[in-house]
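Have a look at these structures, which come just after this line.
In the two complexes that follow, subunit A is the common piece, with subunit B as its partner first and subunit C second.
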Partner chain A sequence: MNPSVSQPCPGGCATCSEYNGCVTCKPRFFFFLERIGIRQTGVCLTSCPSGYYGKRFPEPNACTKCKADCEACFNNNFCTKCKNGFYLHLGKCLENCPEWLEPNNYTMECNDIVH
Partner chain B sequence: MLAAAAGPRMAKPSPWWLFLSFSATLKIVSMEQGAVPTCPPQCHCEEDGIMLSVDCSELALTSVPDSLSSFTAYLDLSMNNISELIPGDFHHLRFLEELRLSGNQLSKIPGEVFSGLYNLKILMLQNNQLSRIPAEALCDLPNLQSLRLDANLISVVPEKSFEGMPSLRHLWLDDNALTEIPVKALNNLPALQAMTLALNQIWHIPDYAFQNLTSLVVLHLHNNQIQSLGIQGFEGLHSLETLDLNYNELVEFPVAIRTLSQLQELGFHNNNVKAIPEKAFAGNPLLQIMTLTRAGIHLLPGEMCQQLPSLRVLELSHNQIEELPSFHRCQKLEEISLQHNRIHEIRADTFRQLTALRSIDLSWNFIQTIHPEAFVTLHSLIKLDLTDNQLVTLPLSGLSALTHLKLKGNPALSESFPKENFPKMRVLEVPYAYQCCAYGACGNFFKVSNQWDSEDMSPEDEDAHKRSSGLFPSHPDNHYDMDMEDFQLEMEDTKLHPNIQCTPSPGPFKPCDHLFE
Partner chain C sequence: LAQKAIIRVIPFKLEPLMLEGVFASVADVTPAEGKLLQFHPLSLCNTSEDEHTIPGFVSIVKLERPERDLHPCLSLANKAKLAGERGARAVLFDITDDQGAADQLKKPRGLSHPVVLIWGHDAELLMGVVNNNREAHVKIEVKEMPAWPDYDVWI
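And then the complex of A and B:
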């Protein structure tokens, strides 16, 4: 229960306020600032939303943006799912597959060429 | 939709065969229960063609809803109070691709609970109470690509934990209670590309610890207690590009990295190695980013740049380095951070011919002399920080492209800095206010930007200020995004009359001290 709020804080929140949502998170949760219009609300998550990733540290953790062409990532250098129009290969989002690989337009990945 | 692994390829199903099996499955499923997919009470469902995305998160559920449609492709049960899974909870969900069970109270998972989920690609079990990997439950997930087991209490990894997932690409085991590398269990992951074992209590990396992980590109081992590393510790990691060993207790530089021929980024800050041996990077010609902050380093190898032709960013701050080698052969170097060391001299050859070098941070050292030709060949240099050294004079040749120059904390540096020498200057910090007079009348023409009003900042705050440009504290690993200065610079370029921020700005309370001495 947070003194500054009438209802209890949502799951994962350590402290929260009526207008800002979560202000701090419990350990092992990721802090994320949700933007709805001009309003920003803090939330505490077990996994970061699409386009963000969470890297765990001893101190409070926060969601960090993936690269621009990446929809889901492991860290800022390794993508796990590319945005539309890009092929995924070993963590990279490519506009075209290298010539030694074969583009798979169903999975949107670059696969080894099967002879 | 995620799909088959780029690693060992499965036989390529012909489109005709795919259509037949899909419609056969469809017939079975729709016969089993009414044609229209139902949404469990309180949950939120969205249809995607005939498939269903079901969100039952944060509903204080204590068990898996039993009215889940067979057409469910995405199921989110995270942040509930589920402490037990019953075999059969998911057995009819043949189309399920993503299952989220994070943020519940699962301490164990029965053997068959995930059986039949042949299309499952993403399984999230983080933030639960598991003390061991539920190997029996994971034994038959042929298409699983991402498995999250982070933020549990796992201290036991059975040997067969990953045998049933030949397509696994991404594995999170960070923030658990592992005391050793689960070598045997990791022997069965030919398609694994990214893994984190960070935030555990691992103290040693044995030889051949990762020998079968030939597709691994990213390996995070930060925040453990690693004290020693076998010379063949990284043998087999032929594809590894990123290795994060930050925040460990290594007392010797890991020569094991020599086998990492594809390594591009090495994080090694907050260890205690004293010296980097000669030929330490002999096997890493592609290394681009190296972070060796607070690593206890006294000595750098003289020939290190011979082995690092691709190096772009070198972070060596907060060590005990007294003497610098020549970085001459690091031809692609763009940023070098040497703040908070014990350097007392910059020679002519220290930075010679580094034509791509844009930023040098030498703040908080004991530099007394800089050779007149030290910066002559640095045509791209725009940022030079010499805050808090022991300079008497500063050689200006080669510095004409500077936009940021910081010289505060050099009490003996009383010479003036003619404007003509710095046609592109934006941010100038000098020891004395009168040195700012050269940049306009000694009135208030200068806009004092709060960003660089660092007189009250302690060195620690200044570092933190440099790193954190967002609402919440970012971590050293994030400081390669565009930082506040670049953003400020871009804002400045769009203005008609760009100001030069020179501090301390002269004024009634900052008289020309030097004139009265």
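And then the complex of A and C:
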């Protein structure tokens, strides 16, 4: 893309430039900063990669990282897959299960105790 | 008179480049070096993720035309400050498309990592390295000012 000549922007981009990639996204797209090697460019996605969730407010819509202990999340407060060493319980990542629950080391979730 | 900077760009397995820029007085005039790493202008915002890059790099930020970023998340001085907090040893701003940026970076803020402005052909060469995604090491040096300003003296 030649910065001086307006080239079509990739899908989802409202404005873009040769070196920075997307600068603003079209409505309903999420802005994401992608690093490949020494380059970091903006891309506009309909959904965010794993490890990120789509945050719509405040503007601009952007892919935002899940919490540090969470590998995949629905939003900042609801994890769907925890990182190694954490148990998933009601969307939270716990180092240990509550005493009234039983840790399942296969699914890495906290389960009801079966009597 | 702004202090000139010599920017040596040493791409992996390629001929080095010797470019020139100007130290911005928002930061100290001091040499620095590190691995070249591009940052999108929007990555230097408080709301943006800190990428946990390994400290010790030299950031290059290609500034967009002002009309493309009408509501900047931070001032350029604060973006330069944030880059340092995130591990940059120096910040290079390509101001080719935003010459007014120099004014934003005039007021001394005592940032300890140097901030260097580059534009025009020198910036084009530097961004060429970035565009080709070539790993490169960057050395920023303080260009010695001539003892006598170079003008003709008739006796």
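Things worth noting here:
Here is the rule we go by: the second predicted complex is superposed on the first by the 105 of 115 C-alpha atoms of A that agree within 3 Å, B and C clash if a C-alpha of one lies under 4 Å from a C-alpha of the other, contacts with A are read in each partner's own complex, and residues count from 1 in each chain.
Here is the rule we go by: a contact is a pair of C-beta atoms (placed from the backbone, for glycine too) under 8 Å apart; a residue touches a chain by one contact, two chains touch by 3 or more.
All values reported here derive from a predicted model rather than from experimental measurement.
When the two complexes are overlaid, the chain among subunit B and subunit C that reaches more residues of subunit A is B. In the superposed model, A:Phe31 makes contact with both subunit B and subunit C.
When the two complexes are overlaid on their common chain A, residue A:Arg39 makes contact with subunit C while staying clear of subunit B. Contacts of A:Lys81 after superposition on the shared chain: subunit B is touched, whereas subunit C is not. Look at A:Gly21: by the touch rule set out above, it reaches subunit C but stays clear of subunit B. When the shared chain is aligned, subunit B comes close enough to touch A:Gly11, but subunit C does not.
Contacts of A:Ala62 after superposition on the shared chain: both subunit B and subunit C are touched. 31, 33, 62, 64 are the residues of subunit A that lie in the contact sets of both subunit B and subunit C, per the superposition on chain A.
Of all the residues in subunit A, the ones that touch subunit C in their complex are 3, 15, 17-21, 23-24, 31, 33, 35-42, 62, 64-65. Those residues of subunit A that touch subunit B in the complex are listed here as 10-12, 28-29, 31, 33, 46-47, 55-60, 62, 64, 74-78, 80-81, 88-91, 104, 106-107, 109-112, 114. Residues 35-43, 47-49, 51, 62, 64, 68-69, 94, 97, 127, 130-131, 133-136 of subunit C touch subunit A in their complex. Of all the residues in subunit B, the ones that touch subunit A in their complex are 1-4, 6, 9, 12, 58, 78-79, 100, 102-103, 124, 126-127, 145-146, 148, 150-151, 169-170, 174-175, 193-194, 196, 198-199, 215, 217-218, 220, 223, 239, 241-242, 265, 471-475, 477-478.
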